[in-house]
Each structure stands twice: as C-alpha cells, then as structure tokens.
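Going in written order, the chains are labelled A, B, C and D, and every chain counts its residues from 1.
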Amino acid sequence: MISSVFDWLSTPANWEGDRGIISQTLTHLEYSLIALVCAALIAVPMGLYIGHTGRGRVVAVSIAGGFRAIPSLGVLFIAVLLLLPRLRGELAFALPSLIVLVILAIPPILSGVYAGIAEVDPAARDAAKGMGMTGSQVLWQVEVPNALPLMFSGMRSAMLQIIATATIAAVVGLGGLGRFLIDGQATRDYDEMAGGALLVAALALLVDFVFGLVQRFVVSPGLTKTA
Amino acid sequence: MRLWGVDLGELIELTLDHIYLAGVPLIVGLLLAIPLGWLAVQRKWLYGPLLAATGLMYTIPSLALFIILPGILGTQILDPLNVLVAMTVYTIALLTRTVADALQSVPDHVKQAATAMGYSPLRRLFAVDLPLGVPVIAAGMRVAAVSNVSIVSVAALVGVSQLGILFTAGFNRNAMGPILIGVVACLILATLFDAIILSVSKALTPWQTSRSGS
Amino acid sequence: MPTVRYMVSCMIRLEGVTKRYADGTVAVDNLSFEAPEGKITVLVGPSGCGKTTSLRMINRMIEPTEGKIFVDGKDASSLKPAELRRSIGYVIQHAGLFPHRTVLSNVQTVPNLLKWDKKRAKDRAMEVLELVGLGGDFAKRYPGQLSGGQQQRVGVARALAGDPTVMLMDEPFSAIDPVVREVLQDEFLSLQERLGTTIVMVTHDIDEAIKLGHRIAVLREGGTLAQFSSPDDLLAHPNDDFVAGFVGRDRGYRALSFQRAEVPIYPAQPVELGDRPLPDEEWSIVVDANRHPIGWVERDAVEGPISQSDLQLGGTLAEEHGSLRGFLDAALSSPSGRGVVVNEGRLVGTLRPQEVLQIIRKAPRPSGDTIAGDSE
Amino acid sequence: MKRTSILAATLAAGLTLSACGGDSDPLDDSGEESGSSSSDTITIGSASFPENVLLMEIYAAALSDAGVDVETRGNIGQRETYIAGLDDGSIDMIPEYTGALTLYLNADAEATDPDGVYAELQDALPENLTVLEPSAAEDKDSIVVTAETASEYDLTAIGDLEPVAGELVLGGPPEFEERFTGVPGLNEVYGLEFSAFRPLAAGSNLTAQSLANGQIDVANIFSTDPSISENDFVVLDDPDALFVAQNIVPLVTTDAVNDEITTTLNGVSAELDTAILTELLAQVVVGGEAPEDVAREFVDSIG
C-alpha cells in the first residue's frame, strides 16, 4: 500500500504538465497565499485596533471563537449558490473557495495579532507613552515589534489550516492539490488520494518552515534571547 | 414538522450523529493526548519530535483522512468509524501540545513540593499536575471542540450522516434553507460544546474564583 | 568620565488639581503643592491615595478634571501631550524597557523622538549609560539579558537621555531586591545631586521617601494631601494621626537621622594586626595601615600577636559630623560597647552609648521649616 | 412501515448522484438494521438516493393496491450491501438499473443498447435473482446543453458537437474525465475534443448550475435530473449508444416472484418513462414532497 503510493509519487508523468503535481502545487500555493493575504488585510488591522485601543475585545473573542465553528463546507455551498448566477467564468468558483479560506484564516490571525498586542508588557507601553510617543508611534515602534512572535504564530497556524482546507476548492472544480484527492476519490484511485494528501502535508510543512525562517529574520532577537 | 425544507426529527437525528462524531473523539483524543503530552514533558528529548509529529497530523486535509482511513483501517468508506478515527487524530494533534503546555504551566514550586512530599511522578501527574493544568487543557479542548464540530461536517463528502449532510442535500436541491440550518446547527452545537467544557472546567477548578478586575 | 551637566532647573506646580472619573470616583482631590527646583519631591501614601494618578497628571498621561498644573512655568494643558512628555524624563516601576530593542536603542528613544541627529543621540545615550554605571558592553545587550537592577538603571538612563529638566519616577526602586535597592538609591541620590534635575517621585515606602525626598507629600485615601513638608519635619511633627500612623512606629528613631549634635569623642589608641592587645583596655580597636578600622579584639581572648581570626567584626561606623542616628547605631552595634567614629573612613575616636542617649534626651525636638502643603 | 424519510434519502444522495448511473457509491446509513421478512410479506428495499427511494415507494404502493403485504426498507446503501440483503433474505426486491447491474454482475459486459444490455443481464443473473420487465424509463449518463447553445449551434445529437467542441467547456463529475463512458468515449465514438473539462465534484446540481450560468457549455448529468426540465436543457441524442442503457427494472429474489407481483410491476414499468420519472423525482427533490406521497399519487393516476 505504502509502496504503491510511493510509486504514484515517483512517477515522473504525475509531476509534469498542466495537471501535474508541480503545477497543482503552485496553484495550491497561489490560492493559499491569496487567501492568507486577504484574511490578513481584514484581521490584522482589526487585531491592531482592538489590541491597541482595548476596545471591542468581545468582538475579537467572539469572532475568533465563532468563525472557527463555521463549517467550511456549508459556507462553500452557500457562496457557490449565491455567486454562481452572479459571476462569470473562473471567478464564480474561485471566489466561494476564497471566502471559505478567508473565514477560516481570520480567527487565528485575529487572535494572534490581538493577543500579541494585548500582551505587550504594560510597563513598556506606559513608558513609551510617558516618553512622548504618539499613539501610532507606540503602536508601530513598540506594540507591533513586540507582538510579532504571536502575530507570526497566528499567521502560521492560519496558513496551515488554509493549505489543508484549500483542497475543498477542488470540490467546485478548481485546481490545486485537492484535485488529486477529489479525482482520486471519484476514480477510486487510492494511490492518487494518499499521494495528494501527503503532498498537502508536505507543502504545509514546507511553507511553515519558510514562515519560520522569515520570522527569525523579522522578530527582534531581544524577544527570544534571555539572560 | 419541517423548517426550511428540513424535517425536524431528521434534524435532531443528524444533530445527535454530529454530537457523537465530534464529541466521542474529543474525549478519546484527550485520553490519548494526556499520556503523549506527559511523555513529551517527562522526556525532554521527546518533546520536539512528539509535538512536531502530532502537529503534522493536523496538516492532513480532513477530506483526505476520511478517504484514506478505510484503506488503513480496513473499514468501509461509509463507516462512521473512519470519521471517529479521523476526528480523534485531529483532537490528539491539538491536545498533545495543550496537555504538555498545561503540565508545564504548573508552577515549579508546587511540583517540587509534591515530589518532596513523596509523590511518584505518575501519582503526581494525576493528583497535582493534571488538576492544576485543567484551565489550560480546557482552553485547548474548547478550540478542539469547536474545530471538531466544523470539520466533522466535511464527512458529508464521504456520505457519513451528520449535519454536513444538510449542506450536500441543500446544495443538490439548490435550496439555501437546509444549508443555512446546517450552518446554524453547527454553530449552536459548537457553542454548546464550548459551554459544557467551560462549566466542567469551572467545576473542576473551584479554586479559580473569578476575580473582579479593578 | 561622565561630565557634570548644569541644568536649567525648573519647578512643577499643582494648583487645586482634582481627578474625578466618570463613575464618580475621586482619585485626587484638590491637590496643590510645588516641587522645588533641583530637588526631589516624593509623593507617598497608601494604595489608592492617588499618588500615581497625581504623578501621571503632570505629564498628562492622565488629564486632570479640575485645577492647573504648571511645568517650568507653563500651563501643561497648553502644551501638546507628546511634546510635553518628551521634555520630561519618565521612569516606572518595572523600567518598562522595550524588550525588542537593545539597551542603546532603548536609551536613544527620546533623542530619536526629538529628532536629534544620529551621532548626537548615540553619544548622549552612551554618556548617560556611563552615568548610571552601564558603560561599554551593555549597550549592545537586550533588556532580557539584564538583571532587574540593571534594567532599572537603563530605565533611569533612558529617562535622562533627552536632557530633561524634570523627571517623574513611579516606584522606580520597588521591584528591586532590597540590597540592590539600597545601592541604586544611593547612586541615584548622588546622580541627582550632580545633575540637579527636579524630580517628582512616587513611592509607597515611607523609608524610601524619607531617604530620598527633600520634600514629601503624604497623600491619604481619597486623594487628599495630608501633609507636605521636609522629611525631618514630617517625622517630628506629623499633622495628624493618619500621618503619624503612616510614618510609622519607629519614627522617633528615624527622626534622629536629621539631628546633628556634638557628642564627646574619646581618642582611641588603635593597634594593628600582629601587635598585642593593649594591656590596659578590655577592648582594643584594630586598624589597617590607612587607619581604617577593621575590627575589635578582646584582651582576654587573645594570646600572642593579633591575627585576622581574633577580630570581632560588626558594628557600624559613625561619621564624625553625622547624625545622632549614626552615633547611636554605631554605639549600640559595637561589640565593645563603644561606637567607632571615623572621618573619611579613618579612625577618629570612640563614643559611649550613655552619652549619646543623654544628648538625645536633652536635645530639643527638631523643628524643620515646614512647607505648608496648601501653600499658595 | 419503517421510517423512510425524504430527507435521509435526499441527504444520503450527497455528492454521489453518480450512483444512479454506473459505478455507484450510495450511502449506507441504515444497513445496520436487519430483520427477516416473513414469507407472505414482500420487503422492498432501496439504495440510498432519492430516485431509488421513490421507485421503491412506487412499487410498494402498486403492490399494496394489488393486495400484497408490503414492507419497505429504504436507504440500504450501495449495491454490494443490498445484493447481500437479497441473498440473505433481508429484502425481497429492489429497484435496479439494467446497465449498472449488468456491469456489476459481469464486468466484461459489452452491450450498451437497452435490449442488448437486458439480454446480457438475464445471462449474468444468478439463479436466486430475477429481473422483471424493464421500463422505458432510464436514468443514465447524458450530454446536455442549454437551449440557447442548442439553437446557436443547431444541436440535437452528441455528434453535432463535433465542429464546435473545441470552443466549448465540458463539465461533469471528476470521474467522467477518466472512464471510457466519458471524455475518452466522447472522443473515440463521436470525435469530440472539448477545449477543457471542468471536474465538478459537488453533485449534479453544481454541474447543472454551472451549465445554466455559463461557467460550462456542455454538461454530463443524469437523464432524470430535475434540472433538465427546470432549465429547459436539451438532452443530446446518443445514437451510437456510448452511454450504457440504464432502464429501470425490479430485481426480485426468484423465490418471491409470483404472477401477481410480475403483472403489477410490469404494469407499473410500462407506465413509466424517463420524462415521467424526472417529473416525479422533481416533486421530491425540488418540491420537497415525501416520496411515499408522490408515489401514491402516481400509482393512483395510472389506476
């Protein structure tokens, strides 16, 4: 069983071409990154605002908790039913999938940003203000740099979930590694399904590793080094 | 009684199925995560590999797991057992780190006092570390419960009966009603799970009085 | 070597300042006082007395509900809060260093906010780090790599970096262990003396207030001023039971710190290590080559030349022109029953406890020049 | 009477409407119950998708009118499960599809036209199973286009697509791309080369909606799909019989067959055609009516 999965993975023909592993991996990555960026565009400013002002904390907590409970499949179908008649071409399939992934990614990013900002040492924040930093100086020079580790872990966990869930885009006919799962299921090709699953996990790990590297460069060593 | 094209009796049945499929793995997963988390804390060299391995399990797409498990377990594709096992895997993936964190959250002086009084490591785990780790474990359980409720619905794609069936059914009938009811039912269920875990956690930690912040 | 800077001193004046919150709680009630130029003014009181609120109103971290605050003669409410704060040093309890920035970069914060050029900001930062005793290597470290005491020194350096004439300090030493705290307080006192910065400090510790403050404002719960006076006056003449209670039970003893008197000092014949004890004295005082006292020896306990192991240590040394508290303490703590008096560390003579006590009994109660708390 | 719920049936259909045609993958959510039918009671089962449940109810209504004691056990699951049920006597009868059943019993079956398939089915059946007369009603793979597309390119049969296929996008379930009775067969038999194939895994409604909304131009859906009449889709003829005939036929255990049953069900099958079945199914799937009510009405109407 394992060896036949390996055979599928090691067959060059499965890697090449429009529908091959390489192309689907790139497509998968593309959807995932677009979803992450969109989710970040929504969740980061929200998290910054809530963390910085302390206002709307209830909103943050309920969004973070509530969104997690929203079943992706249900949202996908609702979005398809609503958007299919309204959109032309590829977008009619891409947008519903994107909505699902964005909803999925918002909670971890939001709670990462919010918690990162909220957990900045109150003394550091107080000192910053007391030394004459303006609100935005406090935010960008003190709160954000200190929140980076938690922000990153929120982003990374969002990305892991996006990559795993982007497979359902294949349900509505989009590309990506989900194709191997869905097509494999449809044609009872077990090796293809298992191989696809392994590829998704591998992609998730790889992306997480890259994010980890970026984090190492971006986050101040002062936040990791201790006496 | 029908609501938006969904028979209420049916809805109740699907909800019960959903509770079963999401709930049982939560408990089984916790029971398995406790020894794993404990091991990770006990044996320092195991900490990294164990948490990486369990974390890796979370990156497997749920749909893939539902489809692949029959091949591994020798079950039928439609067997609810596949879903139970898959959800248990995800629960372990989330809770092993939680348990390890929880055990580490117990203050050192408390652990040392317990050891000094003669607790063996295992007895200390059940008498001291785990009870004190309840708040952290409960927090992890809440995340796991909510995400389990959501992930279980994907099992509709492999035809296992639970609330997610309302999504495929509604979709196939071009009817928004059942899908919306399914989503709302999932949300209510998640809230319910959350509330139960919260109250169990409170009941287990009477020393955690809610302090009024001033 | 750090250069001594001569600052243009300024003062802070609070006039009928009240802070009332939306829920009706009054944190500070009609508070007026003046913090004199170049001096340390300490706000002290139990928790909930509004001392921190009062301090934070000075740099407008909190806006007063009523009343006026003048900094350097200017109405604080007429200045932009951020600019006002940049001109005032600010030190808080846990230092509040930015963990993501190096020590140097932390200290450069205000110069950077003031848009000094890079070289000047860096030079100044190095200079103040030197001032607080963290020269050289420390600049490159991160706060997480420092001890609590070192962090607080950086906190002070950071507050000084912008060349402020006024500095606000909120419990700057209370999170530091007692031994280090003593050291920091002493260093801080001499630094302040050199720089002449006007300082307003908050503490809950009456000992710290008495040790550091030139003026002490005692606040009571509800944010009203109970007394504003010099430390000796506060100890000698508490305005009321609250102040008396707050100042504490052994205030009589502490008040001796502020009393100076001539006490008869008897010349003493010292011996050195290797000598024999004086045959006529039950106890002999041992000094080193510089006449620094290093201990006592008891004649009957020593056979042959005095060795290190014969020394009985202990006993504080009283400064020749020090306070009665110092004399009494030296006398009471000496193994021989005689207190050792020194001048710049060198033996001057000894004194007797009975005589110190007599002088204390006879001495008039001290009367400092009280500064009325509600002076206009 | 055992509970047969519309919802369960509808729901169970899930994404597996492909079940109707060939390689079925219906759902098993009630297979755990078992109960042997008594000798004078006929137990009718059904696979787990709405159309099969509806057919079960139609058989049940007709037989019960004829005075036969009937029990129903809907949603038994997929073919493997209910054939085993027939073997062990858990059920006595189930609505089946000629082409799919033939291929299940004999993977080498070659015929694709209704008569040929039925003949091969007769040969392939084991002794303990019997099929009655097939109905004209078929639930099989079909190639459909919108009415506009049909008139624009003047399409009536699949072969008419040949000159324009290169500009069109074909959509259907993912497996349609791989299996012979799909993209390869369309190419081989009719010479069609579409510009792209869009795999749609979320059931026929997604395919139908995509066709209606222009995301795809040509769709593979089943011939009884209610979306066809709903959207005025045009089903293209399959003169070369690429798609295996899937006539509806009662599969009965040989022991249970008697004249009464044969006469009654042959009568029902004769009254049923694809259009009628599609309409009845639409009442269940789109209208949300109970299958037993729709079945009763139909049986009453044919007297």
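Here, a contact is a pair of C-beta atoms (placed from the backbone, for glycine too) under 8 Å apart; a residue touches a chain by one contact, two chains touch by 3 or more.
None of these values were measured; they are calculated from a predicted model.
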item: Comparison of B-D and A-B (more C-beta pairs in contact); value: A-B
item: Chain A and chain B, separation of their C-alpha mean positions in angstrom; value: 21
item: Rounded Å distance between chain B and chain D, as computed from the means of their C-alpha atoms; value: 40
item: Where chain C and chain D are represented by their mean Cα positions, the distance between them in whole Å; value: 93
item: Centroid distance [mean C-alpha coordinates] between chain C and chain B, Å; value: 57
item: Chain B: positions in contact with at least two other chains; value: 156-157, 166, 168, 171, 174
item: Sequence positions of chain D contacting 2 or more other chains; value: 15, 201-202, 206, 209
item: Multi-chain contact sites of chain A, meaning residues that touch two or more partners; value: 77, 80-81, 171, 182, 185
item: Contact graph of the chains (line, ring, star, complete, other); value: other
item: Pairs of chains found to touch, sorted by chain label; value: A-B, A-C, A-D, B-D
item: Parts of chain A lying in touch with chain D, wherever the complex brings them together; value: 77, 80-81, 84-85, 88-90, 92-93, 170-173, 179, 182-183, 185-188
item: Chain C - residues contacting chain A, complex; value: 56, 59, 61, 81-88, 90, 92-102, 109-110, 113, 142-147, 155, 158-159, 162, 168
item: Residues of chain B touching chain D in the complex; value: 2, 5-7, 9-10, 14, 76-78, 156-157, 159-161, 165-166, 168-169, 171-175
item: Of chain B, residues touching chain A in the complex; value: 56, 58-65, 67-68, 71-72, 142-143, 146-147, 149-150, 153-154, 156-158, 163-164, 166-168, 170-171, 174, 176, 179-180, 182-183, 186-187, 189-191, 194
item: Contacting residues of chain D [partner chain B, same complex]; value: 5-8, 10-17, 25-29, 48, 77-78, 201-206, 209, 227, 285-286, 288
